[in-house]
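Naming follows writing order (A, B and C), and every chain is counted from residue 1.
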Amino acid sequence: MASMTVKQARPLPYTSLAGRSFLKTSDLTPAELTRLVDLAIAQKQGRALVGKPLAGKTGVLVFFNPSLRTRLSMSIAIEQLGGHVQVLDVGSGVWNLEHRQGVVMNGDKTEHVREAIPVIASYADFIGVRCFPGLKDLSDDMQEPMLSAFATLSNKPVINLESSLHHPCQALADMMTVKEAFGGFKGKRVVLAWANHPKSLPMAVPNSFATAAAQCGLDLTIACPPEYVPPAPIMQSLHAQAALGGSRIDVTHDLKAAADGAQVIYAKSWGSPQFYGAPEREQELRKNLTHWCIDDEIMRRTRGGAFMHCLPVRRNVVVTDSVLDGASSIVLQQAENRLHAQKALLSVMFGGKR
Amino acid sequence: MASMTVKQARPLPYTSLAGRSFLKTSDLTPAELTRLVDLAIAQKQGRALVGKPLAGKTGVLVFFNPSLRTRLSMSIAIEQLGGHVQVLDVGSGVWNLEHRQGVVMNGDKTEHVREAIPVIASYADFIGVRCFPGLKDLSDDMQEPMLSAFATLSNKPVINLESSLHHPCQALADMMTVKEAFGGFKGKRVVLAWANHPKSLPMAVPNSFATAAAQCGLDLTIACPPEYVPPAPIMQSLHAQAALGGSRIDVTHDLKAAADGAQVIYAKSWGSPQFYGAPEREQELRKNLTHWCIDDEIMRRTRGGAFMHCLPVRRNVVVTDSVLDGASSIVLQQAENRLHAQKALLSVMFGGKR
Amino acid sequence: MASMTVKQARPLPYTSLAGRSFLKTSDLTPAELTRLVDLAIAQKQGRALVGKPLAGKTGVLVFFNPSLRTRLSMSIAIEQLGGHVQVLDVGSGVWNLEHRQGVVMNGDKTEHVREAIPVIASYADFIGVRCFPGLKDLSDDMQEPMLSAFATLSNKPVINLESSLHHPCQALADMMTVKEAFGGFKGKRVVLAWANHPKSLPMAVPNSFATAAAQCGLDLTIACPPEYVPPAPIMQSLHAQAALGGSRIDVTHDLKAAADGAQVIYAKSWGSPQFYGAPEREQELRKNLTHWCIDDEIMRRTRGGAFMHCLPVRRNVVVTDSVLDGASSIVLQQAENRLHAQKALLSVMFGGKR
């Protein structure tokens, strides 16, 4: 407690992350989060020194799922900070991993995370891990079994590169991009706009965006069909963060009204909690939701608002070519910011006392 | 124009490549190409300093197709010059990419090149890309849709690591190898010898070899069955380069006569333009072409000529064990030269003013 | 011979490995092996300088089979010693390789090792290779066709990362771990305990552990069902090494008796030589061998002995959760030692005169 007081009195109190894992943005206080965003912007602009805080250090990135931006931007971030990076693609050149407790391992999983994770941790200085949810059982996925296994079994810091519920590195880049575009957070309103998609997708990106927006004090409108309102525990958590961050959260099923005067339309698809584990039944529902695609009409309602998406994005399903290729789209800046946000994160985690 | 004059008057005028893409050897003038070959030989022999021109830089290599030599030699070239390298295998751990314009992306392609390429470019200092042709539609493949997308959508230099029609890094190594073996180009004759193969292969390697040979002033004989004469646009382009390079191009269907007194037999299979997109029909034709395999009898006709191939090569289909393991084969030297050629290329692209 | 005398008189006479391949522990004399183990322990404890002996050097690691520990620990070892590492996954992004002599290559193998290996060697300073046995024909596998091809066709040192018969880097880590746990080798007894498994596995790990144990002077008990006694050539080789190392080897089919008072239970499954190439018939046999699983009762018999396994391990098939998670298990230390053992190996191979 004493050290907390001291921290808040100092100009760069990022030591709260030093040597710790980064699993979700709400691991940070609102003040810590916004300061990290500010550091990322300052480093990007060359106003803050970066140096080689990872010199002699190795990050191991473990991917259970595909990745382009995350793989590339995190690998390059590590190398630009002087570190080494190793990438493991589980199930492709690397053994398949079991995470259930107490099982008789006579099936297709060759190794248990209880060995694999401590072994990786013994070679690495930190671990990044991407593991999407199974999308079969909501309460299972809400437990984050694989991320929790890494956090528990690694004695080195773990960075979440997208889990069942969280994609905090994306959210850092998102907040950076909002701040760059609008100069600040207070009084700005962002719309998290559900969009159609050929598949039932996880909630990690929308949840992390909404959480970080709430923490940063952005007003947030979640616009989605009635079947797509996020599960109650997620909504409760969002409201708790909004209370801390001084923001306001609304849920609406009227996308057009939501767009009126908003600063940001953040499009993202996610699966319906009602049809969790039943994607073929959800497909029927989605056939009637093809109008949940961001087009010029929606963007015009914002009166100068920006279009955001984490990428990859399905053109002409989630958003029209016209919006994505138009002046309001800041998705490329948002993607580039992944690199800067992660360099700021790593420099805070490993940069020593500041 | 003024700068061109100055360039031609200076001893190492490679600045024409600085900051530019390298998509095909004919992006260079004959003089620029031969000087680049000379630089590669000089660096290999330790007569030219290499240094660390890529210090602090990152090259991202994007592979849509398998690779051994290219992946390894380009990665190692980058690291030996002080840079970092990241490799993306599209479709394996990385999202599948759509490149068609205006499509509704509700199928199996997750991301569009219009996002993926600028994002990669925002993290990288240069991009290498390998994308083989679809081999379905000749006119489509002649457009080089994926390579063109990279060249257009990246604001960082792009290096072609083999596209539909070109493999310029291979051609650099080929010319280096010819010059090492014969001391020069003028008055030497190389035979591009079509060979049988279990599959219908792209024309990138033979086209780039023939183009570079024409640019360097080598006399070129293309020996192939009548059905395998390269398409008219390729032949026109070759003759245009031969005019610039002061070389002569012949096409013959008589391999034995072509071999008589030649300095180089460069074996390579490629698909018949007549059967483009119909490999099963071409298979019938190939059943009668098994004698298009380079053997000792062909090599004897050269009276001291060298056997070349870009590798990988099908033993006892394209060339006999006896030739490949014999003294006339310089395929290993040719493959090793990939490393040296690419280091010279990179040092010219990123080495600053010379 | 003169140099051998001089070597044995000097404090760090590791030059015997400099510039040579490391294919099996019996490439080293017992004295060389135990000194290498001592060096690894000293480096791990910070009592021996490591430095950057691989500065400017590139290791290429070729994997024909999956790997986690080996891939990661060898890659990180190379980078921590200042070198660059490139990993090739054969058949995934890299051409499939043919190794048979004289074949007409009109099938699914694109490249022959007679080209691929010298080419890799021309780019690399050393090559690591993992190639499991085909498990079809015992005498074929005993010839180590792929490892032999690398050793023969590469003019750069080759490090065996697990072949048909040998996994010497694992054995180095194993001996390191035994020495750390018990302070020495003389008078200690280790049990190589066959274990059940869903698959018929290669003999590389048990053979290398047994060989290194024999070389280091550990007494060795091989406990296995009658059908699983290693093939005669392997037993002969083990006895020859035991004679050199001053150790004693017993074979028993009574696991409990073997465990009595042993210092180490090293569990490992391997295929029955009698059913080589007939895994479905071996499955029948294995149905009655499920009691070959290390449990607390076995460990209690050791009176303070340690449980070892190379990992990955099938929980509750090879060993119970209780043993693996209990105080006697040193498998994580053993896995971590891969990194230290390989750094010691590389520093001896490339560290110049010592």
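Brief remarks follow.
As a working rule, a residue touches a chain if its C-beta (ideal position, glycine included) is under 8 Å from a C-beta of that chain, and two chains touch if they have at least 3 such contacts.
As the structure is a computational prediction, the values presented were derived from the model and not from experiment.
Taking CA atoms, the transformation carrying subunit A onto subunit C includes a rotation by 120°, reported to the nearest 5. Taking shared numbers over all numbers used, the subunit A to subunit B interface scores under half, which places it in the different class.
One inter-chain figure worth recording: subunit A and subunit B are separated by 41 Å, centre to centre, where each centre is the mean of the chain's CA atoms.
Shown for subunit C are the residues that touch two or more other chains, namely 92. Against subunit B, the residues of subunit A that register as touching in their complex are 63, 66-69, 71-73, 75-76, 79-80, 89, 92, 198, 311-317, 321, 324-325, 331-332, 335-336, 339. Contacts from subunit B toward subunit A in the complex involve residues 56, 58, 60, 84, 86, 88, 92-95, 98, 102-107, 110-112, 114-116, 118-120, 122-124.
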